[in-house]
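Some structures are shown below for you to check.
Below, chain A partners chain B and then partners chain C, in two separate complexes.
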Partner chain A sequence: MRNRSFILNYHLMLIPGAVLLFIFSIVPMFGVAIAFQDYIPTKGIFASEWVGWENFGYMFSLPDSKQIFVNTISIALMKIAAGLVVPFVFALLLNEARIVLFKRTIQTVVYLPHFMSWVILSGILINMLTLDGLVNQILSWFGREPVMFLSSNAWFRPILVASDVWKEFGFSTIIYLAALTSINASLYEAASIDGASRLQKLLYITVPALLPTVILLATLSLGNVLNAGFEQILNLYNPLVYETGDIIDTYVYRTGLQEMQFGLATAVGLLKSAVSFILILISYGLAYRYANYRIF
Partner chain B sequence: MQLVMAAALTASLAACSQNANSGNGANEQNAAAEGTGNTQNKPDNAAADADPLAPYEETVTFTLGRQGVAGNNLPAGDTLESNQFLKYVEDKLNIKVQYDFSVEDGEAYKQKVNLAIASSQIPDVMIVDENQYKQLAEADMLADLTEAYDKYASPLIKQYYDSYNGRVLDAVKRDGKMLALPDTNIAGNNQLLWVRGDWLKTLDLQAPSTLDEVAAVAKAFKEQDPDRNGAADTVGLLGDPNLATDGAFFTFDPIFAAYGAYPGYWLKDESGAVVNGSIAPEMKDALGKLREMYAAGLIDEEFVTRKWNDNAAQVASGKAGILFAPWFAGWMLSDSVKNDAKADWIALTAPLDESGKRNLAVSKPSGQYLVVRKGFEHPEAIVKTLSVQYEGLRLKDPAAAELYKGLGVSWLNWPLNLQLNNENTVYEGYLRLKSAVEAKDSASLPADQVPTYDSIVKNLENPKQDIAAYANYLAYYVGGSEVGSDKLNRIEPVFYGQTETMAKKGTNLTKLENETFLKIITGNAPLDSFDDFVAQWKKQGGDEITQEVQQEAGQ
Partner chain C sequence: MVKETNKIADSGIYLILAFSALLCLAPILYAVALSFSDKAAANAGLVYFWPVDFTLSSYKEVLGDRFFFISFGVSVQRVVLGGIINFLVTVLMAYPLSKSARLFPGRNAYMWYMVFTMLFSGGLIPWYMTISSLKMLDSIWALVLPTAVPVFSVILLMNFFRGIPKELDEAANMDGAGPWQTLFHIYLPTSVPSMATITLFSIVGHWNSFFDGMILMNHKENWPLQTYIQQLVLSLSSIMNTTDPEEIKRLSAISNRTLSAAKVVLSMLPILCIYPFLQRYFVSGIVLGAVKE
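After this line comes the complex of A and B, so read on.
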């Protein structure tokens, strides 16, 4: 009896979250119907004409769709890879620092860009990367020709990845630092008594202890394979780098919101969601199996 | 035979729907408010005797959605939503304006309106673009303004529209009904070539007129240190990634036009067939020239990533001395004087083509539409507001001159930001100013030109001392004089609107076009990729769209 009311409390606490989820995530799902319509906003979902798979057919008939998918996936994969490696290495380095104040300060400073919006950060980046910007000035000290980074298809993706890592690695570092604190200190003591060097302790204790966290983060990020960073690219790209930088989201933005092609835009978005859903299932399966991760 | 039948049918249909409408309107009014219903009926019976701009007995309120004012210069305490202009309208007509939304950024405003339409919750009054107007009209969400316009529009407003000989108002009519009041795109928003006159003098150059001369000046500005500061910090011709847009700053429209190319416009070729200017063979020649200029460093190397503000900053900081922009660029250009008192801009009609003409595709007659929600009880109140606003704005009412006197507050703070004017107002205004300045007497000028006259005289007496006066001088006097240049050769496009396939495949074609042209100019793709582009453009929907345009333009 007592047990039951105990559980009831938890369920009551769950209600606000569930209601929010219902209102903002479940109800709007009916809007996916638009993907199968020649949607005219003023007529609404109920009166617009049904066209079946036509929007999807049109999407794949677009000569750009292949390029857009390739761009999206390659940019996202590069970001995922860099977003795993950089904070991991950084956390290990920071962990070796002895002065607590130094450690904390660095941790806070690298965490800061995470809180700034891409509109601001892209303004800073554009200033740094122009022909007479900071980066090109430094290049000129070494006698290099200035480079137009933001209109160069060779440079655009590396810039996206590097700036994304710069913005977000402080945040991921914290997760690794948390994992580091949970390593049993007696392991290090035992290793010291056995005469292990610092490098050996790092390789044989710290890294293996962090590995489950790395695997977990890696598998969970699979769900983001189709999220290449809309805000960032929208603020940085220009027509010259459509070839390497135009992604699903920017394309949907241009067709959907700017040209009011809601049907096509929804179809593209729905396809993206469907693929992401499958990837999340796969990643959960992998995490379940190899990282002992459980949701249910 | 069929045509006559169709015409008769439309006429009778229009008559029917009009009757039906006025019937509904009367019922709604009676149901809504007895008091105002009575005042409404009076002018119905005798249109001539009642003052069309008489105030309402009971306050009429309408909600409004419109673009806001970036960098608004109202005095402290006043806002777009509450200011003396709104008060003026309220005092005159007993009409209250309630802002539903205003968004400063143009693109964001467009999206806001799209969302309002999509959710079927539109304010009583909005200013929308052509696409949105079509959507609203097709969804039957708009009030018929025909009657309200006929009865309540002031002579001034009617005179503005009439100066276009029906090109503006007829275009907006659907089945004979006026579902919107369009704005009027005044003539003369074509790009002029603005050049730093002081730099020309320093380098001992003539004002350029052909394209080769323009290129030579750009080269000299880039390479010969025109500001004599000993550093190679100047750029050549400024540019914008949009390449060509009617009335835009920094775009290359005049260069395309010098080759007889009009990207984006629908024109008739010699055989009478409709073609899009973007794929015409002249386009390739023009792109070839731009490519050559870019390779030689005569065009700002980074124009592809420049935004409007970046270019304006280059002007203000004295890095740029040659650019294309319409007459009203005077305000932007005047900023350079703050940094360099010697800066002096001249406006030229250039580059000219081989026959000495500056070709020019005539602008779309209107691009913005004032619409009223169907079911709003007093559509005539909007027409009245517009009439009263323009009486004030153009200082036909002397009392309006006292509003924010001498503060140079933007006219956009009036409630309805719908631009209306005589087609040739810029050049006619310049001619009047010129004769007044020469006679040193402003008596001949209409009231709304007197402040401009004063600032021009002020600037002529003490050049560049007052930046605002210098800006007015540059725009109305220097730029205005070129707007009526006799070298202009106007080309009439056959179609401005949007067709079904255009709406569907337009994004893709724009992307293809923009990407290809920029690549050609910056040397990232060979000039011959233009031919490939033409084939792709046709295949990806261009041919289909051309057929639709041919059909619509043929009607």
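After this line comes the complex of A and C, so read on.
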């Protein structure tokens, strides 16, 4: 009896959250019907005309669409790779630093950009990268011509990757640092007695101990292959760099909410959601099978 | 010999670490320096990491900007309201979900339901249509309700709750405490670091988001601060939409870099103020929450 009232109360506790999720996550999932309609807002979703796969066909017939998928995937892959390697190396270096106060200060500073919004960081970046901005001033010391970084298709992707690494590398070291604390100290002692050098200890104890974490993170990031960083790109790009920097999310935003082509934009968004969903399932499956990783 | 190479390695490591830390601070310092600099010096590109011709005029100008304060107010409002909602929803969901499926038969169904909403989304357009058909555009609720359930935080806190010894629960039950009392008198007081972590995450998240304000708020008075700043950023980036040097000159003459920098710095301030607390809790909170049975 008592148990039953407990369970009833558990349901009561979960209802508010479950209802909110239903309204703001589940209901929009039914809204993907727009992707199969010639959606007209005044008519609404029930009265708009059904057009089957027409929006998808139209999407693939557009010359831009291939470029957008290529951009999205290549930017995302570069970010994933850099986002795995840089924090890994940084955590190894941080682990070698012995002065505790120094280590803490460095950590405090490198975590900071993670907590700033892309609006703020883009504001600063744009200021730094304009023709008379900080970077071009420094280049001029070396007698270089100023570069229009943010309207150059050669520079735009490197800037996206570099600024993303810059924002997140510090914060991403946390997970490696946590893995480092779980290494048994007696391993290092035994290695020292056997005459291992510092580099050998790093290569044969620390790196192998971190590898499972790296592999797990790499596997899980498979689900992000279509997430190239909407907020960052929205704040940094302009029509001159659409060729290298326009991604699925920015395209959906522009065609959907600015040009009001709701059907097309929903179709593109749905394709992205569906592919991402499959990729996440695969990555979780792999992570569960080989690393016994569970999301819950 | 070994000592020698060790010393060289050490100094190399310290140098790289210090340099990376400086790299993280540099852009922020640049914005601060710009905001305290004289307009002419800033436009002439003389400012590096220290103010040139120190002046407070940009900040005085911000004080005269009514919309800056209005949007600052909207941001404070959404942080307080959104933070409270996030906190309540997270705690109330994490507690029952931390029970085993044996004790609470519906547990796994709720869990899958919640995780599904995290893995699949209808996309931007249907999301926007849903909120607009609920007549929530231009209302503060549009900024706090759609993000009311931070699934990641729920999982974090749930994992932390699972680490609390079952004996505590049983003892409380013996003494006649129901689930609500157990949650509020036993679980909450023992998980302060995790609570602090999720609260700070939700504060930072609410303070930093701009996109919802940008598409859901049609009137300028309803913009949160980040949306307001975003419009400035956009106008700045419009300078780069053109390759015509004359046009660039004209636009950069109008653009007010020191004023924008002052606004950017002011909008960073609240985050910088809570940063020491964030620092203290989030590492332990994340690591503890990640521990699983």
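Methods note: the second predicted complex is superposed on the first by the 266 of 296 C-alpha atoms of A that agree within 3 Å, B and C clash if a C-alpha of one lies under 4 Å from a C-alpha of the other, contacts with A are read in each partner's own complex, and residues count from 1 in each chain.
Just so it is clear, a residue touches a chain if its C-beta (ideal position, glycine included) is under 8 Å from a C-beta of that chain, and two chains touch if they have at least 3 such contacts.
Computed from a prediction, not measured in an experiment: that's the story for all the values here.
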* To do: Could you say whether A:L131 touches chain B, chain C, both of them, or neither, answering first, second, both or neither?
  => both
* chain B versus chain C as contact partner of A:G170, first or second or both or neither -> second
* Asked: Which holds for A:R254: it touches chain B only (first), chain C only (second), both, or neither?
  -> first
* Asked: Should A:T72 be classified as contacting the first partner (chain B), the second (chain C), both, or neither?
  -> neither
* Check the residue A:L150 against both partner chains and state whether it touches chain B (first), chain C (second), both, or neither. => both
* To do: Have a look at where A:V110 lands relative to chain B and chain C in the superposition and call it first, second, both or neither.
  => second
* Asked: In the superposed arrangement, which partner chain does A:T219 touch: chain B (first), chain C (second), both, or neither?
  -> neither
* Given the superposition on chain A, which partner contacts more residues in chain A: chain B or chain C? -> C
* To do: Please indicate which partner A:F262 is in contact with in the superposed arrangement: first for chain B, second for chain C, both, or neither.
  => both
* Partner chain(s) touched by A:L240 [first = chain B, second = chain C, both, neither] -> both
* Asked: Which positions of chain A sit in both the chain B and the chain C interface?
  -> 44, 126, 130-131, 148, 150-151, 238-240, 257, 262
* To do: Show which residues of chain B lie in contact with chain A when the two form their complex.
  => 107, 110-111, 114, 117-120, 131, 135-136, 138-139, 141, 241, 301-302, 304-305, 503-504, 506-508, 511, 514-515, 518-519, 522, 524, 536, 540
* Asked: Where on chain C is chain A touching in the complex?
  -> 2, 6, 9-10, 13-14, 16-18, 20-21, 23-25, 27-28, 30-31, 34, 43-45, 47-48, 88-89, 92-93, 95-97, 99, 103-107, 110-111, 113-115, 117, 119-131, 133-134, 145-146, 148-149, 154-155, 158-159, 178-180, 183, 204, 207-211, 215, 226, 229-230, 232-234, 236-241, 243, 248, 252, 257, 260-261, 264, 267-268, 271, 275, 278-279, 283, 286-287, 290, 292
* **Touching residues on chain A, where the partner in the complex is chain B** => 40-44, 58, 62-64, 126, 130-131, 148, 150-151, 153, 238-240, 242-243, 246, 254-255, 257-262, 264
* **Residue ranges of chain A touching chain C (in the complex, touch as defined)** => 5-7, 9-11, 13-14, 16-18, 20-21, 23-32, 34, 44-45, 90, 93-94, 96-98, 102, 105-106, 108-113, 115-128, 130-134, 136-137, 148, 150-151, 166, 169-170, 174, 178, 197-198, 230-231, 234-236, 238-240, 249, 252-253, 256-257, 262, 265-266, 269-270, 272-273, 277, 280-281, 294-296
